Amino acid sequence: MKKVRFAAPLAALATVAVVAVALAGTGAAAPAKKQATPFKAGLVSDVGRFNDKGFNQNQLVGLKYAQAHIPGLQISALESHSAGEYLPNFASLARKGFNIIIGAGFLLANQEATVAKQFPNTKFAITDYTAFIPPFSGKLKNVEGLTYATQENSYLVGCLAGLMVKQKGGSQTIGVVGGVKIPPVDTFLAGYQAGAAKCDPGIKVLVGYSQDFIDQAKCKTVAQNQIDQGSQVEFNVAGPCGLGTLDAAKQAGIWGIGVDVDQSYLGSHILTSAVKRVDTGVYLAIKGAQNGQFKGGADLVFNLKNAGVGLGKISPNVPASFLKKIAGLRAQIVAGKIKPPTKVK
Amino acid sequence: MARPPRSALESPATVAAASDTPVLELRGITKRFPGVLANDHVDLDLRRGEVHALLGENGAGKSTLMNILYGLYRPDEGEILLNGKPAEFTSPHGAIAAGIGMVHQHFMLIPVMTVAENIVLASEPRRNGVLLDTAAAERRVRELAEQFSFHIDPHARVQDITVGQQQRVEILKALYRRADILILDEPTAVLTPQEAVELFEILRRLVADGMSVIFISHKLNEVLDIADRITVLRRGRKIDTIPREGATEAGLARMMVGREVLFRVDKQATTPGGRLLQVDDLHVRDERGLETVRGVSFDVRAGEIVAIAGVDGNGQTQLIDAITGLQKPDSGHVVVAGEDLTGGSAHSFLEHGVGHIPEDRHRRGLVLEFTLAENLVLHDYAKEPYATRGFLHPKRIVEAARGLLKEFDVRGGTPETRASALSGGNQQKVVVAREVARDPKVLIAAQPTRGLDVGAIEFVHRRLVEERNEGRAVLLVSLELDEVLSLADRILVIYEGQIVGQYDPSVSEEELGIAMTGGAREAVA
Amino acid sequence: MSSTEPEQPQGGEPGGYAPSVAERLAFYQRAGGIITPIITAVIAFFMGGLVVLATGHNPFKTYRAIFDGTGLNWFFHFGHHHITLPFTHTRVFFWWDTNANANASYNLSQTLLLTTTLILTGLAVAFAFRCGLFNIGGQGQYITGAIVAVWVGSSWAGMAKGLHVFLAILLACLAGAAIAAVAGFLKAAVGAHEVITTIMLNWIAYWVGSYALGRGGPLQNKVDISVPVSSDVVKSGKLPTFWGNPELQALHVGFFIALGALVVFWLMLNRTTLGYQVRAVGFNPEAARYGGINVARNYVYAMAISGVFAGLGGAMDILGWQYRLGVLDIQVSNIGFIGIAVALLGRNTAVGVGLAALLFGALVNGTSTRGLDPSVFPPTLAGNLTLMIQALVLLFVGADVLVLAIWSSRKKIGLGRRAASPPSPEGAAT
């Protein structure tokens, strides 16, 4: 677990090199203007707390990154030990005049909406949640959803998986195990399908759902079924449950692809990871709010272009030509020439 | 109390003091506890080779005095002289090193260890410095046991031997540590009469060997039996020290209590009425599943006291439990005032007029954390006038208690006092008050005077006879022969779960004693 | 006995008989009185201060921040103030500023929200304790009550407001009673130890709740199936609030229900025949049996009543401010366990539980990261500081018999010193 903890901040730098989009460059481009009243940004954790070595912790990393890179920024990170603390935490930051307050995920949606109604002049954002569905429904003009275009990075990993299978020959089959059939999961799957088909036409993509995000055994079973059907790459889209997917891949001696964070620490069988950069999201949301680019009642979408999604460490066994191919596709997506689908076929 | 069974055991001669200097002298010992003056300038001298009895009611300060001597407490004033030299014990270790051994009422033994291991504990013979030399320990214990003719197996585990033998282990422990002064704190309280006789034989051998014994007791007969001199304490003060010669039970009782005490209860003959309690072929098992009551039948009529005499552990406990609803019998019948209550709950027995003075007032008779008022309504708390539709009337409960405490002469507490704050005698009076005040048809009294001093015993006896005179059926279960003889109208002897004989109160102690130990079994069968 | 001399109390002479553990505890409870719990709390805070010091922070400033975070400073806004008289526009002098610090009043209302629940989970432990049962299952009973409250409160819409709230509370209480009574029944029927069974029942409540509220579970909301949270309690199922902005987790009338529960607890124990039975069984089951009390039945009753308190606590949280229940809420909740500490520190008495609940409520709320300036305390440290101080109080609550033992041995040593002045060769020999 310790590795995960460092994986996130390290990945923040490593990805920069790999994907060739200069995050630091964007940061440096920001004009460092002095303000009379300091800009204040707050982050409220869910009950997983900031030492969860994952979702909450990565967002705290983003907040600290913002503090380091946005001159004069004041930050406050409030931890919630129980659901009873969500609302007081939001309200307390709003009362103290924070300019933007970010809720660390869907668990806080209801309380965030309640507080946002009470403090219409304060900007709110919520990680990995769209402002178009309840409790916000697009009507709360001071709440911004922070969503991730995971079909884009999934398209790239799908292509990479296709290239590897094509090179190896044999069964032209790959698999993906999702948690539950819900939009945030399906965007990964759709991109993966499309990317694979793009780089290995005629490839077969097996799609399975474990109906669980926690129980590793369930994902492992689904993955093993797919491997039995000839799958040569297994993509995990089921959080902690998906560790079972990757374990099945390791045991079968095939490739595995990680999700959300860089899971290359799991071993040399990890081809790469489809990374969702919640730290970048927090940073960019704060920066946008400060620059007057706050999208109240709508979503701030993180994609390959703004480095909100990306790839983790790519296995050194991947040929350089493949990397070049991936870089080319990335450029096309960033340029808007390719639009990966969000609906599973 | 009746005469002690002295005839067969009379020691050949009282050992005279070997020298003029007492082996131990206490001068002006004073000890205060918050609110209590436990010892008030107490003097005591112990001569070599004597048994010195320390006599007093419960709470007279005997145990405090001995705990001071044994180094458990410090005196606020006064001094201790050992062989004429001042001594001061900061802990029992000091006392032990100075040759003082103490046998407490509650033994300080480790049940899972053997007799020998217990005896050598804390002063084990060692082999090569660290290993316990078991063989040497057992050898030395065996030598000691033989020297004083203790019949005890050094290999036996303490948990497997009788209470009397455990007490001997405690005494051996003191001897092993080369004690020449032995303090025994109410040693007979836990013993059967036969075991008490054996203990006295051992004590006589010890003093003949030059040992000195302090014998703490509140039982007059055994003090007169064993002691050479007797010191009486009352309320923390020493009343007097007198030689055994010329001392009488009446005289000692007067010194202890501070007034005349009646030993025989005045009892007019009555004509028993109808049968209020009938027990028919009752069979009961104990918690281990052994049948300890094996076909007991008897009845108790209105206006009579029937006593069940027997050595402890012959089925009395299970018999009482079965006829008070605390335990279900295997078979047989219990009929109270014409109604068959066999197998009913304790509650139904109470409702049908069974009063029960239990043998253990701490375990069963009282909720020690409750106030006296609460204890006095233990059976009737849910009834008018104490409660209406589930709600208590604390004022009525307290008022009722006030009356009962006065009527039964309970001292040392108000209705709001916790039961644990009372002395044993007064606690027992509370139990008696509760059971008698319910106006039961049948009153079952199990060892009602256990652990009580003479004043309290007299009170309980008088009440039992009064209840009988008022037409209740009284069943007395007792281990004390003189209690049985002085109270009962009829005596049943129980042995190994069966009634082995019925006697008139004019029976001799010897005959009863033989019956209680199984001698009369054949005669009845 | 015809003597007219007043008899001295004789409980003072030791060695009469060996007291049981329960008697000794009862003795400590009496002897310690209010002093021991206070010493306990003070030592815990002192130790906590040392740890704060060790992390390089000023313990006084930290405790000041915690105190301000509790909102208890709201009571200390004395001075020269003016308030508006009700129904007029006249402003008059008043010695106490009632709205000087909106933050303090908000913090206080949050502290009292926690106190409300802690009173109830504390009583759940205390009531069973008085019957001689150690109810570790307050957490499970609380969760059960919360699940039922959220089910009733979020469905059954369209019911009259008063009736809806009442039914939700009633059914939550009954559910808490039912799950607790299982442990009482197992104790009564087969002698299964209640510590074991209540712990097992905690897990049953935990997993049943996780299933019912989890993805695809029967109580999961229908709006966003990716979120394992229940539907919201409808308006008619919510308890009225009386202090603070109703939209911002204001203090609800459940606070008075909890205070009422303290009174009911006291009345039930001391003024009803059931309470008499429960106490008798708690102190001495054998004597209770002898007294004609059905001991087994009292185990079931006492556990069920404990469950009512805990289930009520769950209902208060759901209907009072939370309005919804998620899988994670169940999985991270520990308010039932804090209830054990509340009961122990409060000595299982009504007044004690009330005060201890306030202390723990204040502690939990005061040590939230809101109160501890994030620029001074990194949020991760502040979060752990919270848990550490709570843990220390718990530890010392558990050890307060030890505190008392040290206290009394100090007295003994004091006496010893006085008598030990002359040297004692015998004593020194060993």
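The letters A, B and C name the chains in turn, as written, and every chain counts its residues from 1.
The rule is simple: contacts are C-beta pairs under 8 Å (C-beta built on N, C-alpha and C of every residue); 3 or more make two chains touch, one makes a residue touch a chain.
All figures in this text were calculated on a predicted structure; none of them were measured in a lab.
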What's the chain with its C-alpha centre farthest out from chain C? B
Central chain, going by Cα centroids? C
Please tell me the distance, in whole Å, between the geometric centres of chain A and chain B computed from their C-alpha atoms. 80
Centre-to-centre distance between chain C and chain B (centres being mean Cα positions), rounded to whole Å: 45
Distance from chain C to chain A - Cα centre to Cα centre, in angstrom: 41
Numbers and ranges of chain C residues touching at least 2 other chains: none
Going by the contact rule already set, what residues in chain B reach two or more other chains? none
Per-residue multi-chain contacts in chain A, two or more chains: none
So in the complex, which bits of chain A are touching chain C? 45-51, 60, 75-79, 81-85, 87-89, 91-92, 95, 106-107, 109-110, 114-115, 117-118, 133-134, 180, 182-184, 211-213
Interface with chain B, chain C side, in the complex: residues 1-3, 5-19, 22-23, 26-27, 270-277, 279-280, 283-284, 286-294, 415-416, 418-420, 422, 424, 426-427, 429-430
The chain B residues in contact with chain C across the complex are 33-38, 58-59, 61, 63-64, 67, 71, 74-76, 82, 86-91, 93-98, 104-106, 185, 235-236, 257-259, 324, 326, 345-347, 350-351, 356, 358, 362-370, 374, 378-379, 381-382, 387, 390-392, 394, 409, 411-413, 420-424, 426, 455, 459
Interface residues, chain C side, partner chain A - complex: 102-103, 106-107, 110, 113-114, 215-216, 223-227, 229, 232, 245, 247-249, 317, 321-324, 326, 328-329, 332-333, 335, 364, 368-370, 374-375, 379-380, 382-383, 386
